[in-house]
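This is the structure I want to talk about, given as structure tokens.
Chain lettering (A, B, C, D and E) follows the sequence in which the chains are written, and residue indices restart at 1 in each chain.
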Amino acid sequence: MATLKLTDVGKTYGGTIEVLRHINLDIKAGELIVFVGPSGCGKSTLLRMIAGLERITAGTLEIGGQVVNDVPPAQRGIAMVFQSYALYPHMTVRDNMAFALQIAKKSKPEIDTAVERAAKMLQLTPYLDRLPKALSGGQRQRVAIGRAIVRDPSVFLFDEPLSNLDAALRVATRIEIAQLKEQMPDRTMIYVTHDQVEAMTLASRIVVLANRGIAQVGSPLDLYERPNSEFVAQFIGSPAMNLVPGRITATGPRTTVTLEDGGSALSDVPSTEADMGLLVNVGLRPEDCMITEGQGVFTGTVALTEALGEVTLLHFEPQGEAPAFIAKLPGIHRNLRGRQVTLACDPDKVHLFHDGGSLLYR
Amino acid sequence: MHPAVQAVLTIVIGLGACIGYFWASNQLLDRVIFPARGANIARNIRRASMIRPWLFLFPAMFALGLYLAWPVLATLWLSLTDRDQGGAFVGLANYAQMSQDPKFWEAIRNNLLWLVVVPAASTAFGLLAAQLTDRIGWGNIAKSLIFMPMAISFVGASVIWKLVYDFRPVGQEQIGILNAIWTGLGGEPQTWLTMAPWNSFFLMAVLIWIQTGFAMVILSAALRGIPEETVEAAIVDGASPLQIFFRIKVPQIRSTIVVVWTTITLVVLKIFDIVLAMTNGQWETQVLANYMYDKMFRAFDWGVGSAAAMVIMLLVLPILVWNVVNVRRETR
Amino acid sequence: MDNIAGRKPALTWVVHLSVVVLVALWLLPTLGLLVSSFRTADQISNSGWWSAFSAQERQAPAIRLEGEEQQQGATYVIEGTLFPATDTTLTAWGTSSRAPQAYEPGQSVDLDDGWQLVVDDRGLFRLSAPQSFEGERLPRVFTTATTPPEFTLQNYGNVLSGSTSGAGVGQAFLNTLTVSIPATVIPILVAAFAAYALAWMEFPGRALLVAAVVGLLVVPLQLALIPLLQLHNDIGIGKGYLGVWLAHTGFGLPLAIYLLRNYMVGLPKDIIENARVDGATDFQVFVKIVLPLSFPALASFAIFQFLWTWNDLLVALVFLGTDDDRLVLTARLVNLMGSRGGQWEILATSAFVSIAVPLMVFFAMQKYLVRGLLAGSVK
Amino acid sequence: QMVFTPGEGDFNWQSYEEFAAEHDLSGETVNIFGPWRGDDQALVESVLAYFAEATGANVSYASSETYEQQIVIDAEAGSPPNIAILPQPGLIADLVSKGFVEPLGEETADWLRENYAAGDSWVSLGSFPGPEGDSQLYAFPYKIDVKSLVWYVPENFEDAGYEVPETLEDLKTLTETMAEEGETPWCIGLGSGGATGWPATDWVEDLMLRVQPPEVYDQWVSNEIAFDDPRVIEAIEEFGWFARNDAFVAGGAGAVATTDFRESPNGLFASPPQCYLHHQASFIPTFFPEGTELGLDADFFYMPAYEGRDLGKPVLGAGTLAFITKDSPGARAFIEFLQTPIAHEIWMAQSGFLTPFKGANADTYGSEPLRKQGEILLDATTFRFDGSDLMPGAVGAGSFWTGMVDYVGGASAEDVAAEIQRSWDANK
Amino acid sequence: MATLKLTDVGKTYGGTIEVLRHINLDIKAGELIVFVGPSGCGKSTLLRMIAGLERITAGTLEIGGQVVNDVPPAQRGIAMVFQSYALYPHMTVRDNMAFALQIAKKSKPEIDTAVERAAKMLQLTPYLDRLPKALSGGQRQRVAIGRAIVRDPSVFLFDEPLSNLDAALRVATRIEIAQLKEQMPDRTMIYVTHDQVEAMTLASRIVVLANRGIAQVGSPLDLYERPNSEFVAQFIGSPAMNLVPGRITATGPRTTVTLEDGGSALSDVPSTEADMGLLVNVGLRPEDCMITEGQGVFTGTVALTEALGEVTLLHFEPQGEAPAFIAKLPGIHRNLRGRQVTLACDPDKVHLFHDGGSLLYR
């Protein structure tokens, strides 16, 4: 039921180290917001400020319409799930989940009902009387989530909750979280991760943090399809989007860019006369490339192929200063190594960037 | 009242009072003075959390202040006054007098020797014991036995070692094992505790004997903390066991070695019982703590005794500074 | 590690051997005392404790003959044995300190005044004379004899229930417990709160306080005795348990705070923050989370403090006093040794009586000790 | 537990009854702090039992290993016992000068003068300058040890054909004879843990009384003549004649400093004997092998004086003095109790107790040797208290001890004496 | 130049716990062999036995034709790169790399040359005088590899060398290892991983370990295309291959299987008359499924969709006891949630398994 509103929020450590500034964000009730960004960009810090574990040094944070800058964590109606689970190691699963309610002096039957319900929801009932150390990683993670659920908060905060799990468990737990969200459509969730897949699959909106501020906010597919900067473009998607420098040689509803190595790319991005001759970077996602016999966007020698079964990665020899170009082709491609290959791309999947960042959508 | 009942009762009351303080004072703060409700909730909570550390610290600070800091200050004051002149302030006269005393310099010399030898030897033996016992099946038993002297009081230890160093004149059967071995090897029986300057080392042996267990326990924990892979990597690299120990393991637990060293140093600075019981500082074995005791309770010279105490405190200064630096770094 | 291929088994033997040597070296002094505590005073002062396990031949101090006189015809006879208790074999004997090995076993010897003496190899003697021994000084016999190993529990009997100690040891035991238990628990409690504040609460001057604690670690407690006893007398505590507890608390606090703080700093921050999010106050965080999690450190400090209060003599004497009914075990045992210092057998035995409880505590709690120390100092 | 039933034996029960009639301290507690522990504690408590019985007071006796420090701490901190009993007059003097001790009054001094043999010397022993500087009686001597004794085994003497010497000249000749015969004459052990060295001070003091008149001894003890005065050095070297000769001492001179004084008499009883003579105070039989019967298996003779110097029969002794550290009727009553014969006789009848109290019945001495020692004490032409106990603690229980250790270790008497004098100067 | 030959190698811990048995493997000089398998299957154990860090309890190991069972690690001509890097934390990068040579009492210039050369090859030259803790994860990994290179061994052993790196670094370092291998074509490498992608991209041959023995050995594409057991089939590929039970209803060069839920699958796997009526599991890789309007292999209700940008995962509601079915479709598919979908598959990508394992290829 809780909306969150961050207005010009900033964080400065020890008076000098500015970690975040001018963060403005409106979160509607029931959203699942994912924070992503490079390591050290302040994701955890922001989350912890929302939780009340870090003092907000600038701006205001409202939860449910009330400024909570000075409200202690317990009174903010939030629950947090830590990367390390932070289970109380000396308490059983049941006690771990009941702790917050006991502190709040809830009655015994009330506590029991809440715990049982959460345990059932997370399939933890058989483990209620175990100590955390007797649980597997995934189970522990579920306990941590259960502990949050029991408190019935209006906002859930997750800080990289899956990063300690191994690949298979991560997939399974991720799906559980998605289902959980569905069971509680009116609860707001904020989720920090640096895992692409998690961000893409879970988020109703993704907040990309970079360089002390917000780089872009949008739905996963928005960010994937319409990144508003080279940074976001390269950050979302794996392997990262290839950038090839070029110059605009034809404008209109579609834009033609002539590339440095002679190839040319046609993009659905519209442009105006004024853009003519502009130096731009052409962004091509590896998975959007196809081998073509005719004219293509990019031509290079394959330095290495990596066959992943369903897809094959082609690594091209870097040319001069340019970063390596990678293409991801469906299926299995043998014997491409050392061969010269030309790649083409759908015009509606060709991105254009100007000046190290801003997208050329108008 | 039966003494046992009395004992239990006193224990219960003592503990109850202690727990009661913490509970009641926190309740008072949270419920009465700065209740976490109402209009001023945020302000109240912030204020309460500014006061609470001192609530937690108060009993400890009070006890430390009263039982250690205040006597230290009083001693500092005593060291600057003369009781025979009715407690008149005499400046550094006591220190000057002390510096005239060859026994004081002997104590300083010995103390420095102790400060080097005991921590070094305890750490070295502890390291050796830790390394060796970690690699054998009955290592834990061995560890327990080596640690055992820690459980023995200094007085008990002195008794034990007096028996070791016992001396009988030539012709009598030796009952001290050291002399028994020595004469068995063809030597003349020796009065170990009077052979300056070696006797100091025989006293140090007692403390080393006690402290090695401590060093061993901690260092063995540290050794176990060394990533097994680095050792395996060294094996693959062709290093011999000795090379592995000195070039791979020891450098990796350097910080623990420093901690052990420091802790033992603190013990050495206070060492008194062993010297008192075994030689009372005679035969050039005087140490500062015993010198202080001597001056205070035998010679009734409070001025010089206090001055000696101050010198002991002074010797710990480097360790103090090191710790401040450490904590500062840690909290940043 | 033991699985490394191509490792020489000789090396393993060297390790085992070195540990054996090391342990022997460390054990030997205590073992000497232990063995001595089972020997008589004479044995201790006449032969090394290591020879207690083997029969040995030596010249024993003179033994004065004694026994009931019997009249056999014209001769008066005293018969008896020189070694009533032990299975001793005599190889030579004499009656003069100048010639202690003059005679063979079984040899009949003429003494002055027509006295005759025979001593056989089991130490049985027969002294005969033409007149009564009444009022005469009986001769001494010097023996060279092989005595088998012999142990006694007499020393323990003396120490635990001897005439001068009597029920006192039991009472002293109780007194010591009354001193040690609160003197162990109170500082832990006080120190735990302080350590929590120093580790997890933000306030100005924290680093300095920690340093001060370290500095106080080194205060020689002798210099605090008089000012504190004076204080106790002034505020009316006088000498008593309260005083000892407070004194032990004061003296034990620096180490307790230092150890516990180091441990608590290492506790996972997340857990504590989570508890805060869950709505726990600092007091609740401390009592419900930090205290249970610090158990190993608490236990290891408890061992130290217990050993220290148990073994302490000085503080108890000064703050509890020397009254018989309040004497602690160490003081009681030290007193047993008599005004002019003791004899080895009492010394050894009482040392072992006082060591027994600390050793038991130590072996019982060793596990925690190691864990607590580990966490406290290795980071 | 009263060991002797009132009314039985040679005891002066009348004094007990009278004392009991005069005092009623029911309900009062008298704390007594003394140096005796172990077996001695049982003995002193047996005496205290009569005091308690007579007065109805609750008597609590305490002692401790570190009683000297303990009494200082208690006095300083303001929680002293009612009565303290200490063997160190020097320490008592310190306490008196700081005002921790109550004077006993002229009456008691007079009593001592009258009833103790050589009463004046006892009064002066117990008198110290108070905090205001005026000297008066503060401490009551009770339980005396005689130190001028040489212990030997009579039968060993018989076996070897030696005679008990009558003069110091004879004793030296005997020593040389023994050495010539390949025997070791003396057992000397100075070891005593932290107090190592003190037996040597007894030697030096005893010899001091035999080479110099008692006045010189007094001047020495009060430092009116310097420690490194030639007369003092002579006494030290006199001791050196015995102790620094490898042929004269068991184990050689090097063993002297480290042999424990408690173990050194064992040499007398070894087979073959490791020595024939042992100079030590009257308490030493405690450390003889178990079962040793005094008078039969071991005996003592008076440490003789030089015939040539004509200084009479000086006796060196030591003892404990009782004083009031916290005044109360009980404390006063206790001092009065010490003035009754029964307070002496009870202990005399057991062991280890000598008294110069003429009113105590010498027949009650528990053994022949005790009686003989009591006689030496009563017969003394000169009695002097152990000098090291009279010197300031830093000297008498410090540099004098260590100096003697250094001396037997080979340092010259001059150097040692000068060093001791320096420490004395430092403590003035 | 070293060949490796494992003959009936087995490992028993403490005399009772048998971890590996009857391992037979021939490794040619210059091969890059990857060990994969579920956690705890003994991959590390086998590698460590080859290194000499673990005693071989049965069988013989030959390196370069010589039995080395009792040769200590340092004399086997191997170098090992540990999962945790196992850098000596107190030594600089240079010293770390030089250590083995110093131990071998090589001359100073010789050592310097070797270190410089390796550093250059791995682009570590600027970091030579740093301590490991001042390096990023990827750089540390390179140091660990450099330390191996410096010794110039004939066999390189890698134990999950990349598992501690984050996703981006993992990709980069993986490529570096591949290039390294190319620079040293005559060195044999054995590589343990549980990462699919690494195994597929690096290996010349993959050894799948399971159940104390070798499940299958073959080139990556072999294993992907022709797994010889359900285990290998499900182990290789992510998400795992779907298995649907059915019965053979038509045999011949192509086999038809009628599935339990009524659908039917056509497979290029040949079968004989004798197979008629056999109960088999039909294996379908998620990425081989296509949505079809007509008749398909599998029909189900979409429980959840996960849009990963380039592909979308469809999770189907499990039917009865059967495990969940997952399909991976290229591109972005919205609004499939809750809809009933039928999936089809190329016959040459339909696998058939019989009796919990053996493949029906004859």
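By our rule, a contact is a pair of C-beta atoms (placed from the backbone, for glycine too) under 8 Å apart; a residue touches a chain by one contact, two chains touch by 3 or more.
What you see is a predicted model; the values in this text were computed from it and never measured.
Undergrad: Could you run down the chains that neighbour chain D and chain E together?
TA: B, C
Undergrad: Counting C-beta pairs in contact, does C-D beat B-E or the other way around?
TA: C-D
Undergrad: Select the chain whose centre, defined as the mean of its C-alpha atoms, is least distant from the mean of all protein C-alpha atoms.
TA: Answer by centroid distance: B.
Undergrad: Measuring centre to centre with C-alpha atoms, which chain is farthest from chain E?
TA: D
Undergrad: Starting from the mean Cα coordinates of chain B and chain E, work out the distance between those two points in Å.
TA: 56
Undergrad: What whole-Å value do you get for the distance between chain B and chain C if each is reduced to the mean of its CA atoms?
TA: A distance of 20 Å separates the two centres.
Undergrad: Return the distance between the CA-based centres of chain A and chain C, expressed in whole Å.
TA: Distance between chain centres, rounded to whole Å: 67 Å.
Undergrad: Between chain B and chain D, what's the gap in Å when you average each chain's C-alpha atoms?
TA: 39
Undergrad: At least two other chains touched by the same residue of chain A: list those residues.
TA: Residues 72, 75 of chain A each touch two or more of the other chains.
Undergrad: In chain D, what residues contact two or more other chains?
TA: Those would be 73, 193, 270.
Undergrad: Tell me, which residues of chain B touch at least two other chains?
TA: In chain B, residues 235, 297 touch at least two other chains, as defined above.
Undergrad: What part of chain C is in contact with chain E in the complex they form?
TA: 3-7
Undergrad: Given the complex with chain E, which residues does chain B contribute to the contact?
TA: Touch residues, chain B against chain E: 227, 229-230, 232-240, 243, 247-248, 251-252, 254.
Undergrad: Where on chain C is chain D touching in the complex?
TA: Listed in rising order, the residues are 40-42, 45, 59-62, 64, 96-98, 100, 137, 140, 142-143, 163-164, 225-226, 228-230, 232-234, 238-239, 313-314, 317-318, 321-324, 327, 331, 334-343.
Undergrad: In their shared complex, at which residues does chain C touch chain B?
TA: Counting only chain C, the residues touching chain B are 1-2, 4, 11, 15-16, 18-19, 22-23, 26-30, 32-33, 36, 44-50, 58, 171, 174-175, 177-178, 181-182, 185-186, 189-191, 193-194, 196-198, 201-203, 206-220, 222-224, 227-228, 231, 241-242, 245-247, 249-251, 253-254, 257, 265, 281-283, 286, 307, 310-313, 325, 330, 334, 344, 347-348, 351, 354-355, 358-359, 361-363, 366, 369-370, 373-374, 377-379.
Undergrad: Quick one: in the complex, what on chain A touches chain E?
TA: On the chain A side, the touching residues are 39, 166-167, 171, 175, 178-179, 194-197, 200-201, 220-221, 224, 236-240, 285, 287-288, 304, 306-310, 313, 315, 328, 330, 332, 334.
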